[in-house]
Amino acid sequence: MASAILVVTAHVGDFVWRCGGAMALHAQRGVDVRLVCLSYGENGESNAAWQANPDGARDEVKQVRRAEAEAAAAILGAAGVDFYDLGDYPMPESPDAVRRLSQTLRAVRPAAVITHPEHDPSNLDHCRAYDMVLRARMQAMAPGHGADYIVPPQVLCFEPHQSELCGFKPNLLLDISAVWEQKQRAMQAMATQRNLWAYYERVALQRGAQAGRRAKTTATAYAEAYQSIFPAVVPAFVE
Amino acid sequence: MASAILVVTAHVGDFVWRCGGAMALHAQRGVDVRLVCLSYGENGESNAAWQANPDGARDEVKQVRRAEAEAAAAILGAAGVDFYDLGDYPMPESPDAVRRLSQTLRAVRPAAVITHPEHDPSNLDHCRAYDMVLRARMQAMAPGHGADYIVPPQVLCFEPHQSELCGFKPNLLLDISAVWEQKQRAMQAMATQRNLWAYYERVALQRGAQAGRRAKTTATAYAEAYQSIFPAVVPAFVE
Amino acid sequence: MASAILVVTAHVGDFVWRCGGAMALHAQRGVDVRLVCLSYGENGESNAAWQANPDGARDEVKQVRRAEAEAAAAILGAAGVDFYDLGDYPMPESPDAVRRLSQTLRAVRPAAVITHPEHDPSNLDHCRAYDMVLRARMQAMAPGHGADYIVPPQVLCFEPHQSELCGFKPNLLLDISAVWEQKQRAMQAMATQRNLWAYYERVALQRGAQAGRRAKTTATAYAEAYQSIFPAVVPAFVE
Amino acid sequence: MASAILVVTAHVGDFVWRCGGAMALHAQRGVDVRLVCLSYGENGESNAAWQANPDGARDEVKQVRRAEAEAAAAILGAAGVDFYDLGDYPMPESPDAVRRLSQTLRAVRPAAVITHPEHDPSNLDHCRAYDMVLRARMQAMAPGHGADYIVPPQVLCFEPHQSELCGFKPNLLLDISAVWEQKQRAMQAMATQRNLWAYYERVALQRGAQAGRRAKTTATAYAEAYQSIFPAVVPAFVE
Amino acid sequence: MASAILVVTAHVGDFVWRCGGAMALHAQRGVDVRLVCLSYGENGESNAAWQANPDGARDEVKQVRRAEAEAAAAILGAAGVDFYDLGDYPMPESPDAVRRLSQTLRAVRPAAVITHPEHDPSNLDHCRAYDMVLRARMQAMAPGHGADYIVPPQVLCFEPHQSELCGFKPNLLLDISAVWEQKQRAMQAMATQRNLWAYYERVALQRGAQAGRRAKTTATAYAEAYQSIFPAVVPAFVE
Amino acid sequence: MASAILVVTAHVGDFVWRCGGAMALHAQRGVDVRLVCLSYGENGESNAAWQANPDGARDEVKQVRRAEAEAAAAILGAAGVDFYDLGDYPMPESPDAVRRLSQTLRAVRPAAVITHPEHDPSNLDHCRAYDMVLRARMQAMAPGHGADYIVPPQVLCFEPHQSELCGFKPNLLLDISAVWEQKQRAMQAMATQRNLWAYYERVALQRGAQAGRRAKTTATAYAEAYQSIFPAVVPAFVE
């Protein structure tokens, strides 16, 4: 069985800006990259779509965002996108969605789940996604919910829009230089949020500069930052 | 359009003790001061009313507290009080109330929302109010919920009853000396909670003493403390 | 009226490992020790029961755990066990359970409630239990919910499985050497979780070693660690 | 041998405002109350003395403050005052003072040391005092510095001038109502700092109000707040 | 007397990258902008100078950096640079430098001091600078060190190289769009550290994007982030 | 050039209890394991030696501890021990020792430095060691202190005696099962501190149990916990 990672985001755009590099990199290495978008971000993160179409039906906005997400996911090598369509701004609690997510965890058996950090006062949907991941993780490891229960995976939080506001403390920098071109194309597939393209290119450059200092090489041009929630078990510190 | 601030509290008494000075001060300056009380505080913060009337109907207690709040709000110059009557001790979650609050945000378009801080282990209604404000703020800024969406306002948390227990870290001290007399009258309008009058007079004096040290004047006799949640954009540090 | 303490745990096993010593010690001193288990832990903390009986009905697993909890509680001197049967992994929100818990608080009038700490990313049921205790505590102190309202009790959090992961900061070490034999027997009554016996014996020995250093005696062999949520009012620091 | 507590403050005034109640209370109970003042506070906390005597020699200011401290200590029942005269604003590091403090710890063998909290950005002398206490505590427990080494005492931090600025988190409220009159007289003995009298009376009233809520009595009029640094070993939670 | 701000940095480059915008902006407004560089950064932040001149005398490196700092300060409108030449990597403690800094504070009487944040595990010189500023601030406000003592100024910490690593929590965003061209020229005057030019241009753009969201304008292209240490006394929240 | 790690401890015993497993494991893998002991721990961590020999000269105690450390280091496969003999309880500041440590860093060029965590109120020598490591790391990376400057290594903090008291937050669990027998022998070589043998065996078992849960294997019997200070640059999350 191939190893796998699962990405869970609140809105369709989130995966591209924050962990598109990790998705492309692992897909390139043969890891099964799965993606769940809990909402289309149709209410709060599709401003250009509403501006272009002020009288448009909500379903049209959703279709636009769905198409963008599918295109971006394909560029990054993900195995499709699972849309939960929970609604956003704010996203409601949903025990059903937690159960569905736990079933995905049992089926995919990922080594790590990548999602939003715990805190974000400017966007509680992100906190909701984090909470749902932790809840689904519990449900997936419980024998009482089915004999296919799993060993609980690591949870890796990607970088939020304003890291200090969210108490985000990255302890991992992932070198994504090798897949930057893919990430950039995936960002460009998100035409509705083109206002974020330059911002997240700069984020990748800043994290790349920081990684270059630590990795003892100047070859790291682009990176993504992550915070792991659980201690990692390691066989050694130095090869 | 006049500038505005919106105060959102869990119980009717909260606005007087904690931000009555800010309300009076801004009303005096011509700012539109709006007030939402999520509950009457009838269960947990109306002890004297229940003692006076042990067999009293809950509605009578609510009426007493409503009248007190309206009187205090008038003294402070607020444009009436919007009562949501959600119940208290504990206050339930209410997506409807969040929606209603978001509509108020869209209508009032306040420069700042003043509410409870995030944490308070002794009073989870306060945390609920904070959470509802942040949730309503998201809903108000989302184009998908209506074309009258707003730029999200600053959120200012007022001082809780026991600041250290709540992790409250004030970064703003508001000089309320000029409106102290009004705040004191508003406190006295809250006859049901007369046990708090002296306590909050001392709070104002302590914050005034701290402000006096920092403001390079001994003229600050009374102040209120606030913690801003989001970074403030400023044109300069020094005039 | 005898003094009392109330223990509230998310799953049946929790009280034995984490505060079995406190229960036995206080029961021995004549304190009324009450116990609420919010769930049987049938889904997520009964692995051996499911392995032994893979096709077993959920009710059979619950019966096994119920019997174990009753046996352990009896060994520790608790006055029975109140089972709420809310389900687990994850445990749902339940305003009814909060109300029931508040009624127990009003009836028992405990000096302290012992429960889980606030944070635990690996087990949100524990956070739910903490939250329900704080919510019930509010409901129990509100005159509007009945004239038998109480002065709010101290809340003491016992040690979680991985203290640093939960931000647990113990400020009290309880010497349980005198009741260690009882605690050990109670642990052994939890046959379904025998994988935890040695782990929690070592926890008791480590806390005992730490207490021995501070208590100026080497006689403390076993201890339990607690974190108090509210400031304690004390008559003096030194006898 | 009578039990003892040791108070260590950066400046002469500190002990009166922040732990004068604890001193009087323990002295009244027969506890040996010892006091070390690391400086006279002659530079930074004697403003009135310099205003009264702008051309005065530094020694005169020190004498004034020394006399005040001795008078206040006597009122509170302390066994004299040990003045280290390290200078203030800022207070220098002093391994000699640490050694002297460790010798006092060995001689007095206090159950607790009462001193400033760890952090205070507005007054680094307070941090220096905390640091010196912890350093002296190590030196006093080391056999290599003499066979009369001690079991390390608890460290209790009293309330700083602005608690939130210092990250102060009180977990103990000491009821000082019974000795309030003594504390007030001791404050009045500090004539140089009369600007602080009312401020610290209000501090005592606020902490008293908080203690009254928790202690289930309205008889607590005055209290002092403390934060313990090390876990306390306790025999039980409820009598 | 014109209002003033004082900038204190550990190394010569620091002021340009982190608060060059604030300096230019306030100078433009007629504020007296003073600058102290505690070291030339000759050991640890002049890599290109050593590479260009591997056998060069230390004094030559210092001269290069001094010239760059003077040129940059002139571009930003500062009233010269005060070089303390304490040495770096690591910077030693220096009571003499603290005293000198306190004399500058007494002479300049700034409304705010701008310096490094408190924590930075990768660069303890920055922590030393912060510590020296707080110590000098105490010395400057103490009557015992001279009758020209000051009311203590606000301390504003500028953004460190890796904000999350330093626990930096900005609460102020300063719009520097109007002076960006000056800041960029000042950065270019620091030829020895040209490797940082692009990094800090991106920092300014990211903070500008964040400020634009909050300031309700898209006109904010460039900003700097700051964290205030002490509560600010404000006359109102809304104009 | 072989890869290397450098261990820096305050007292001779520290390396055995806290990172003896890491030392043995890396030595076994061919990594060059270097060890610096800043003091012999002769004053505060050699109680048995003083009890055995109350009139003994300090030098005799040092010799005992030196011999124990050399024996333990040999068992663990370290390349000797570098003793700085700074004295302990408390350990003084020493710019000379920082410089010497920076020269070792330049010579050894370790991939990681393993040392104490930042905070420990019960043992400030541990904080001093951490501080000296960070300071030496700066000095070692500065071209101005010599052309053999290094890329700064990761810093890994090992587990302190009481993790919660020190704010220790482990993010790495190192499986030391394969070298446990060596670690145990090294602990036994520290005859002066035999009171700690059982304590640290239990620490290893607890961390082993935690690692076993996360590593999806029950084969991890023994582990050590570490906290990394700087973000790690990683090529992927999943192999």
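Which chain is which? They are A, B, C, D, E and F, in the order written, and residues in each are numbered from 1.
Just so it is clear, contacts are C-beta pairs under 8 Å (C-beta built on N, C-alpha and C of every residue); 3 or more make two chains touch, one makes a residue touch a chain.
For reference, the UniProt names are A, B, C, D, E, F = PIG-L domain-containing protein.
All of these numbers come straight from a predicted model, not from anything done at the bench.
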- Can you tell me the least number of steps between chain C and chain E, where a step is a move to a chain it touches? 2
- Query: Which neighbours do chain C and chain F have in common?
  - Reply: A, D
- Query: Among the other chains, which touch chain D and chain E together?
  - Reply: B, F
- Call it same or different for chain D and chain F: same when shared residue numbers make up over half of all numbers used at their interface. different
- Note on the structure: Quick note, more Cb pairs in contact for A-F or A-B? It is A-F
- Query: What is the distance, in whole Å, between the centres of chain B and chain C, each centre taken as the mean of its C-alpha atoms?
  - Reply: 37
- Message: Residues touching two or more other chains, restricted to chain C: which are they?
- Response: 152, 170, 210, 230-231
- Set of all touching chain pairs, with the criterion as stated earlier: A-B, A-C, A-E, A-F, B-C, B-D, B-E, C-D, C-F, D-E, D-F, E-F
- Item | chain A contact footprint on chain C (complex, rising order) | 42-44, 46-47, 50-51, 54, 58, 61, 88-90, 92, 121-125, 165
- For the chain E and chain D complex, residues of the former touching the latter: 95, 98, 118, 131, 134-135, 138-139, 141-145, 147, 152, 155, 229-231
- Note on the structure: The chain B residues in contact with chain D across the complex are 162-164, 168-170, 198-199, 202-203, 205-206, 209-210
- Item | Of chain B, residues touching chain E in the complex | 3-5, 22, 25-26, 29, 31, 111-112, 151-152, 154, 156, 170-175, 210-211, 213-216, 220, 223, 225-226, 228, 230-239
